[in-house]
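The same chain A turns up in both complexes below, where it pairs with chain B and then with chain C.
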Partner chain A sequence: MVPTPYYIALSALLLTIGSVGVLTRRSAIMVFLSVELMLNAANLAIVAFARQWSASGIEPALSGQAAVFIILAIAAAEVAVGLGILVSIFRHRVSTDVDELSEVRL
Partner chain B sequence: MIGFIILAAVMLLGGVGVVTFRQPVHAALSLVVTLLALAVTYVTLQAHFLAAIQVIVYAGAIMVLFLFVIMLLNVQGQEPAPHLAWMRPLAYAAALVTAAGITITAFVDRSPLPSADRVAALQGGSAEQVGTLLFSHYVLAFQLVGVLLLTGIVAAVSLAQRGNPAAPPARRGEAAPERELSHG
Partner chain C sequence: MNDVVQWAALAPLLALVGSLINAFFGRSLKEPLPGIIASLAVAAGFVLAVLAFFGLQGSDHGVQVTLWRYLTAGTLHLDAGFMIDRLSVTMMLIITGVGLLIHIYSIGYMRGDDGNSRYFAELNLFVAAMLVLVMADSFPLMFIGWEGVGVCSYLLIGFWYRDRANPDAGRKAFIVNRVGDVGFLLAMFLTFKTFGTLNIAAVNAAAPAMLYGSATLTLIGLFYLLGATGKSAQLPLQVWLPDAMAGPTPVSALIHAATMVTAGVYLIARIGAVYAMAPGAASTVAWVGALTAFIAAFAAFAQTDIKKILAYSTISQVGYMIAAVGAGAYWVGIFHVLTHAFFKALLFLTAGSVIHAMGGEQDIRKMGGLGRRMKITGTTALIATLAISGVPFLAGFFSKDAILSGTLTSGLLAGNGGDVVYILLLITAAMTAAYMFRWYYGIFAGASRVDKHASEHLHESPPVMTWPLGILAVGSIVVGYLGLPEFAFPNLIQRWLEPATQAVDFNQLAAGTDWLLVGLSILMVAIGLGVGWWIYHVRKGAPVAALKESNLAGASRGALGFDALYRILFVASGEGIAGGVATLDRDVVDRGLAGGGAAVGLLGRLATALQSGFARAYAFAMLLGVVALVVVAALTGVLK
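Let's turn to the complex of A and B:
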C-alpha cells in the first residue's frame, strides 16, 4: 500500500500545473481545461484520504468517495454551462482571447 | 509502488501537456490521458466505482463535450501542426501490438484467482457501498446535485437558444440581450 503523502504530493503537483495553465493560457477553452485538471487533482487528494480514513468510526466509511462523486457531477454541470457561455460569446466575437474578453460587459 | 510511479509519471506528463500544447485538440487529448491514468489510480486506491464513473463521465462525456466545442468553434492554435508521414503506420502498428498483447495475455496468463482476503479487500469502493452511502447519509446532497444538474441543463439549453437568429426576439422586434441575461 502506497502511503498517503505520495498521493497528496501528486495531487499538489497536478494542482500547480493546472494553476500555471490557468494563469498562462490565453484561450478561454484552454483555461477551462486547466481548471478541470485542478478539479481532478483535488478529487485525487480526497480519494486518497478516503482510503486512509476508511471505516475510522468518525464518519461513515468511504465518505470521501461519495464527496468525489458529487464533485464529479458538479464539474459536469459547470463544464456544460461554461462551454455554453463560451459558445454564445463566440457567436458575437470571433476570438476567445481572455485578454480581450476582460472588457466584456454583462 | 512501481504502478504508482508509472501512473504518476503519466499523469504529470499529461498535465504538462495540457498546459504546454499549442493546439487545443492536443491539449484536450492530453487531458484525456491524464484522466484515464487518474481512473487507474482510483482503482489502486480501492475506489472502483469512482474509477468507472471517472472514465464514463469525465473522459467519456466532459472531454467529448470539450472536443465538440473546440471543433465547433474551430479554435486555432498558435501554429499549424506539421503532417508527419510516419504517424499513420506507427498508429496501426501500435494498435496491432496492443491488441495482440492483450489477446495473447488473456489466453496464456493462467494466474490463480485472488485469495479470499484479497476479494474481501476489493469490496471497498464498490458501487453498492458508495450507493448505500449516497442514499442514506448524504441523500440531501445527492438530491441537491440532481437539482444542480437540472439547473445546468436549463442554463445550457437557454444559452444555446439565445444566439439563434431564428428564435423570436424578446419584445417589440428587438433582440434585447440584457433582458434575457437578467433572468440568470
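Let's turn to the complex of A and C:
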C-alpha cells in the first residue's frame, strides 16, 4: 500500500501548480483549469486521509470518498455556470483576458 | 362734501397699484410705458388730493376714514384708518404734486437704463408709503409708512447696485435710520402707557390735560425727536444723507430733499399738542434744528460734488424746519416744507440736468460757464438758488423769515435760548446765501473748466426734463405768497393750517420791530451773496484757495468729523467683533473641518489602492491570507 504522505505530497504539488496557474495565467480558461486542479488536490488529500483513517478503524469506510463525490458533483455544476459566464464574456469582448476585466473598481 | 374728501384715501392704493404693475409686468413693457404708468398713478393721487383740498374748505375738522381693524391686543383695539385734515392734505399735495413732476422728469433722466421699470416701481412704492405716513390716523400705521419710505430710500440709493459704493451708502442710510426708529418705537410704547391709546387725534386731545412740562411728556417728545432726527437727517443722525446722493438724481430730489426728509418735521407738527405741553422737549427740538442748520451750512462750503453741496444744504434747510416746529410754529415748519420742496427739488433736477449733459460728471471743479450752453437749466437754477438764499419776493424769503421771527418770539423757547437759536439761524442764512452762490457760480457762471471731450457733448436736456424745471421754477417764485408776513398782509397758509395744528403762544413784538427783523434777514442774505460774489467772482476764489490746507477747510470737508467719530465709536468695534468671529470661523472651524475631510479622503485613497480590479491580485491576496492562517495554525498548534 502506498503510504499516505506520498498522496499528501502529490496533493500539495497539485495545489501549488494550481495556485501558480491561477496567479500567472491570463486566459480565463486556464485560470479556470488551475482552479479545478486546486480543487482536485484537496479531493485527493481528503480521499488519502479517509483511506488511512478507515484502515486504522477510526472512521467508517468510504466516508471521505462520499464527501469527494458530493464535491465533484457540485464542482461539475459550478463548471457549467462558470463556462456559461465565460462564453458570455467572450461573446461580448472577443477576449477572455482576466486583466482586462477590471471595470468593477473605483 | 365729505365723500370727496374720503376718496383721497385711495391715493396710496393707486400708487401701490402702479408700483405692482411695474414690478410684475414692467420688464415686458416698452420703454416710456413704465414711466407713464407710474406718472399716471401719482397724477391720479394728485387729483384726489386737490379734490380733498377743496372739499375741506370751510370745515375746520378733518375727515376720518376707517378702513379695517387690524390689531386687537387686550384692551387695545387699533383700526387702520386715514386722517385727512388740512395738515395731511397739504403734505399730500406736496408729495403728489412735486412727486408727479419728478416722475415725469425721470422718464427723460432714466431713459435707456436697464432698471427702468424697477426704478418706477420703487418710486411709486415710495409715494404710496409716504402717503400712508402722512395720512395715518395712528402711530403704528404711521410707522408702517415710516418704515416703507425707509425701505424705498434704501432700494433707490443702491439703485445702481453693481457699483459697490452705492449699496454701501444705502445700507448706511438704512442702519442710521434704524437708530432713529428705535426712538420712534420707544416713544410709541411710552405714549401707549401714558395715554392708553395710539390714535394720534386722541393723543392730541388728551395732551393739554396733562401736567405742563412733566417728565413723561418731555421723554415722549425726546423719543419722537430721536425718530425725527433719523428720518430728517438731523444731529446726531445726519451722517447718512450726504452718502444717499449715490442714488439717481431724481431720487435725491424726491426722497432726499422734497418729501421723505421732511417726515420728521411733519411728525412733530402732527403731535404738536404734546410738544406744546413739554417746553423742554420743544426747545431741544429747536436747538437740534438750529445746530444742524449751522453745522450743515458750514460743511457745505468745502464740498466739491454738485449733489453733496445740495445734500448738506438740505440738512441745513430741514434744520430750519425742525427749529420752526420746535418753536411751536407748526404752520411755519410746514410752510418751509412746501417752499423747500419746490426750490430744492428744482435745484436737484437742474443738477441732474447738468450731470446728464456732462455724461455723469459730478465734480463742480470741472464745470463752470454751463449757463451759456444750457439756458433753461441755468435760468431755473438761478431762480432756485436765489429762492433758497432767501432773496426777497421769492419763496424761500417768506418761509425763512417766518421761521426766524417764530424762534425769536416763541413762548415755548422763552428762557430756553430762543434768541440764541434765532442768532444761529440768522448767521446760517448768510452762510446759505454764500455757499449757494458758490454752487451756482461754480457750475453755471464764470470761466468754463469743462474738458474738450465733455464740451462737445454738452447739450440742453429734452423737453420732458426741462418742462418740470419750468413748473418748479414758477412754484419757487409764487408759493411764498401763500405765507406773507401776517403783520402786514393776509397770510393764507397760516389760516389754512392753524385749525389742524396746535396753537402756541407767541410774544407780540413792538410795532416796527417786525420790519426791523425782515430788514435784518435781507441784510444777512445780502452779506452772504456779497461775500460769495467777492470771493468767487472778484478774487476768483483766491481767499478760499489760501485756506485749502487749514484746519478750518479740513473740518468743513469732513463735516466736523462726525463720520470719522462714528467710525471709531461704533463701526470700529463692530468690525473688531466681526473680524474676531471671522478669524475663529476661518482658522478654527473651517480649518478643522477641512482637515478632517482631508484625512478621511487620504484614508479613502489608501483603501482604493487595494482595489485594483485585477482578479489575480485578489487571488494572490487570498493565497497570502490562507498561507498566513496555516502558518499561524501550525506554529500555535490550534489544530492539535
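What we mean here is this: the second predicted complex is superposed on the first by the 98 of 106 C-alpha atoms of A that agree within 3 Å, B and C clash if a C-alpha of one lies under 4 Å from a C-alpha of the other, contacts with A are read in each partner's own complex, and residues count from 1 in each chain.
Simple rule for what comes next: a contact is a pair of C-beta atoms (placed from the backbone, for glycine too) under 8 Å apart; a residue touches a chain by one contact, two chains touch by 3 or more.
These figures come from a predicted structure and were not determined experimentally.
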{"item": "Chain A residues touched by each partner, larger count belonging to chain B or chain C", "value": "B"}
{"item": "On chain A, the residue positions that both chain B and chain C contact, one per complex", "value": "106"}
{"item": "Sites on chain A touched by chain B in the complex", "value": "2, 6-7, 10, 13-14, 17-18, 20-21, 24-25, 27, 29-30, 32-34, 36-37, 40, 43-44, 47-48, 50-51, 54, 60-63, 65-66, 68-70, 72-81, 83-88, 90-92, 96, 106"}
{"item": "Residue numbers on chain B that touch chain A, as the complex places them", "value": "1, 4, 8, 11-12, 15-16, 18-19, 24, 27-28, 31, 34-35, 38, 41-42, 44-47, 49-50, 53-54, 57-58, 61-62, 65-66, 69-70, 72-73, 75, 124-125, 129-130, 133-134, 136-138, 141-142, 145, 148-149, 151-153, 155-156, 159-160, 162-163, 181"}
{"item": "Chain C residues within the chain A interface of the complex", "value": "608, 611-616, 619-620, 623"}
{"item": "Partner chain C, residues of chain A touching it in the complex", "value": "19, 22-23, 26, 31, 98-99, 101-106"}
